[in-house]
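Notes to accompany the following structure.
Order of writing sets the chain letters: A, B, C and D. Residues in each chain are counted from 1.
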Amino acid sequence: MTSCAILGCAGYTGQETLDRVLAHPELHAVALGSESLAGKPGWALDPRLDGSLPRFTRNAEAAESGADVIFLCLDHAEAAAFEPPSGAVVVDLSGAHRLNDDAVAERWYGVTPGAWSYGLPELYPPQGPLVANPGCYATATLLALGPLAGFIGSAVVDAKSGVSGAGKTLKPSSHAGSVLENFAPYAVGAHRHAPEIGQQLGFPVCFVPHLLPVRRGLLATCYVKTDADARALLEAAYADSHVVRVLPEGVAPELARVQGTDAAEIAVFHDEATATAIVISALDNLGKGAAGQAIQNANVVLGLDETAGLRLHGVLV
Amino acid sequence: MTSCAILGCAGYTGQETLDRVLAHPELHAVALGSESLAGKPGWALDPRLDGSLPRFTRNAEAAESGADVIFLCLDHAEAAAFEPPSGAVVVDLSGAHRLNDDAVAERWYGVTPGAWSYGLPELYPPQGPLVANPGCYATATLLALGPLAGFIGSAVVDAKSGVSGAGKTLKPSSHAGSVLENFAPYAVGAHRHAPEIGQQLGFPVCFVPHLLPVRRGLLATCYVKTDADARALLEAAYADSHVVRVLPEGVAPELARVQGTDAAEIAVFHDEATATAIVISALDNLGKGAAGQAIQNANVVLGLDETAGLRLHGVLV
Amino acid sequence: MTSCAILGCAGYTGQETLDRVLAHPELHAVALGSESLAGKPGWALDPRLDGSLPRFTRNAEAAESGADVIFLCLDHAEAAAFEPPSGAVVVDLSGAHRLNDDAVAERWYGVTPGAWSYGLPELYPPQGPLVANPGCYATATLLALGPLAGFIGSAVVDAKSGVSGAGKTLKPSSHAGSVLENFAPYAVGAHRHAPEIGQQLGFPVCFVPHLLPVRRGLLATCYVKTDADARALLEAAYADSHVVRVLPEGVAPELARVQGTDAAEIAVFHDEATATAIVISALDNLGKGAAGQAIQNANVVLGLDETAGLRLHGVLV
Amino acid sequence: MTSCAILGCAGYTGQETLDRVLAHPELHAVALGSESLAGKPGWALDPRLDGSLPRFTRNAEAAESGADVIFLCLDHAEAAAFEPPSGAVVVDLSGAHRLNDDAVAERWYGVTPGAWSYGLPELYPPQGPLVANPGCYATATLLALGPLAGFIGSAVVDAKSGVSGAGKTLKPSSHAGSVLENFAPYAVGAHRHAPEIGQQLGFPVCFVPHLLPVRRGLLATCYVKTDADARALLEAAYADSHVVRVLPEGVAPELARVQGTDAAEIAVFHDEATATAIVISALDNLGKGAAGQAIQNANVVLGLDETAGLRLHGVLV
């Protein structure tokens, strides 16, 4: 067994990382950090958690637990300030280490990223023990466009996410009275997942996120001009994947099929009138878009089965 | 024209009170108080508001505007501390002045209510210029059970409200991630609208509120034992009302027909197997359950048409 | 007073047209057609409707009522088969008469359109008594891009609509079990509002609609390349409009502010990294996207105040 | 391995039964019946299903597959007409065989039930190979009140269900335009789960169901008068259960924690003012309320681990 610690365990990504660890055949949790729950047992977080879990501690204490793997489910500034223990595998679910150009990272996150490697296993496998876990929007977009990157030079990415993507922190835009029976774009032309996507693709994209009145799930509709056979490139890229599924011709992705899972769906359409390829991806922002991918990255670095611990099958309704 | 001031104008009840004032043929707003928006123009609250409105001020300043009518859309403690200007009509939308037993008021709100009169125009018309506007759950329950009060001695009230009933203040229970695709009871056997209902009916009720994943609307399902003809009593009580509609036999209330309005719907059913009368009421928690009723109370005290300024007709879909 | 008849009054667009007629100072309903409700009184459609309305009749009978204005809230085939009475103003809310190229109309609707004029008052005022009322997606897109049409040659239009846009007819895709907590694109590259948009703009657009888990409301995010000052063009186009509001810089449209109304909101953003103008419009698919615009078109043809009968102000929460 | 057939596999309960069978260590599907999908492969139902499944057949053919276990996910009339093959275990998820009084069954379902046994494993274990699987509302109510039945003589049951409880069949009340941002009671005092509950408890209950704007999940709030220690009785009844969890004092059930699972939650509260015990249960109407319980019943009859194949743990957010 491999020991692990989760820092920031009471937030959405922390809870979901814990969820995957509990089902993981090789990982076992030895330390759960949470500033708000320190000293309390697992069921203080959720009545479904039982007494077999270690009690919550302060994050600093969890960081020094000597765990083989540490999952950072902290905010950007806290993650940037974290000093990895020698020898540990660390997966950072925040944005602190995703941008590898210091000036760009400074502008969008106010941090200097350092020597972490970006880890999106299907396309950009992690290169060492310090892994920057991609953003949820970036994951959906890169899964859709990464395999086509050599054949396109620009893209419009219109993305829509459920509210859990914005985290558990209380803010007016996440108040249910603002979200229910509503829909709106936000951070138009100014979202920090845009430079992350651009960094990986090699060219900037026009990216607009929107907030959906759903709890979880994210869908990105990507518009590109290309002479390449987009479907063939995508099918080849994911032929062996148990995580990413390219849908049959004519079938569109939908949130309901990926919610609560670590899987992703991709569809390819062609608009004749404007000679545009439309690549659409769907995933759960907390699954493949966060905790599921973090576990997958840890599995890759540790040499375990890449899908160990993942939730790959949601209910059929 | 009658001048009015709204204190706490940036909260849900404040916004909705302003909405009704803007459509009112006799009231015009001379002061809009808001601690967060003081100094800003109307469109800082909502881009639909134009430059004809007075700028927001601090609440204390709005209170001293000399307005004929003051609407208090403040929290309980602030409303309890408010000193009514001599001669003004004041409608308090908080709970501070609803309970007329000092000990009970102290227990539930931590305040001493003083000489305000409870104002639910159809059943308990306001008796003077200082009006305690009923709670949303209390309004729905009293509309259903008030006309039967002399014929029953107890009731089970199972109530369900949209999230705007909990106000705009940020709290974990109003976070969209907790509300969407979810449903749960809260404050079971411990909600402060229960003593308010009991005070008006003359006997205690067993009251359980639940949080619905909708933005607005409230439905109360009330179970009583009675030998009286509940339908006849209710139809008689609301025969002349333009606000409360007793539905035809077999038709159930639904939120969609009252959302965005100041109207209420009531239905009566009989359960043969257990000889129980089931009286169900629906209203918009921000309409008849708050701002609409506040305007209605002001109209009554001022001697205006009781429905002036009210939104009585929602869209037909 | 001007008499009017509504055919297909029990569908969503029929109900909403009736709603606007009831509030209209000049129009009064003399005939309400509905195959399913023929012979029944108004409250068979909705308990809020009272006895002052004419009883429902078959559509054919309503068509022969001699009304000055006829609103066709029928499906495409029924509307195509309708023969306008001489002298009547007819507004067709279906798609039957929107496409003026016979071959295109035949392909998308299976009909030959004939001599109707397209009526979107702000941009393409109706030219005679037979008016083709635009599609909801087309209205949102054209409001956003129409004023820029001379300065752009292509556009990506990513649109999202609430479920009432698909009508009241029962189909698996409108079943609440498919819609709730879900989100998906549909008819990708194959929606009949695309040729309608192309016809009015003069060039094809890449159009993808998505189904939102909301009852009503539609938002279109439009991506264009242009050297023109998009904001200046849009502000000039709608400077005198009481229906379309161009939002201040930095403010994004949202469904909540237009739901239940006949108003529309438009915002303009600029994405520096890709030199793209992003124009976003929001409206209620049943309001400005259907019934509201139908009333507006009738007002224009009849020489009445263009906004008579419209719902221009929604609640403030 | 034990072979099984699912009849009516394309409906909600059929899909969910298939879902549990796919994860079951002992059951394997040899026949999948569906009138609408006969002849098609698994992915015609859902793109997540792969080629290892048997093709769909007509229900009659699936019934004759010789499977050891047959799950009937049919409507009441079809299930009533089904003739169980000799030696097979049959679990009927419809209501056809739940009521054991012929006159009552005839009144509510138009059928004569015959020799089936009611199967709710925790309280009323199945007594033979022909099992009537309880209704979703009945399951939630019986889990809450069954352990108290000897100590109470009446109950008010106010229940709320997500829309999947009404099945996949298209009807106006399940249209998303009627369900979204709405809430209403239905079948007040006239729902066929009421006699089912009464049959098992030994006295009639006053039962009112309501339709929630959520995809799945059901919550029943039960009001009873009793001198017994309700909490102690419930904790004793479920002390060994891996399916039903009695929550700690003060914690209320919520849909989010049981959605997508076969688990149930129960809470007990006491209303001092009216001396009422309030017992609240939550489950997933398609899980413990249908397919999960069907699998559990089959496990019991077959002598397998009672929880084999069940989904007991949902995601933690």
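Keep this in mind: a residue touches a chain if its C-beta (ideal position, glycine included) is under 8 Å from a C-beta of that chain, and two chains touch if they have at least 3 such contacts.
For clarity, every value in this text was computed on a predicted model and none was experimentally measured.
Between chain A and chain C, the least number of touching-chain steps is 1.
In this structure, the chain pairs A-D and C-D differ in their number of contacting C-beta pairs, and the larger number is found at A-D.
The chain with its C-alpha centre at the largest distance from the centre of chain B is A. Chain C and chain D have CA centres that are 43 Å apart.
Taking each chain's centre as the average of its CA atoms, chain A and chain D sit 35 Å apart. Annotation for chain A: residues 12, 164, 177-178, 180-182, 213-215, 256, 317 touch two or more other chains. Chain-to-chain contact here is organised exhaustively, every possible pair of chains being in touch. On chain C, the positions that touch chain A within their shared complex are 154, 156, 158, 160, 177-178, 181-186, 188-189, 194, 198, 204-208, 210, 212-215, 217, 219, 221, 223, 252-256, 259, 267, 269-274, 276, 278, 280, 282, 317. Residues 12, 15-16, 18-19, 22-23, 43, 45-49, 164, 180-181, 215-216, 245, 247-248, 251, 256-257, 260, 265, 286, 311, 313-317 of chain A touch chain D in their complex.
Taken in their complex, chain D has these residues touching chain C: 12, 162-164, 168, 170-172, 174-182, 213-215.
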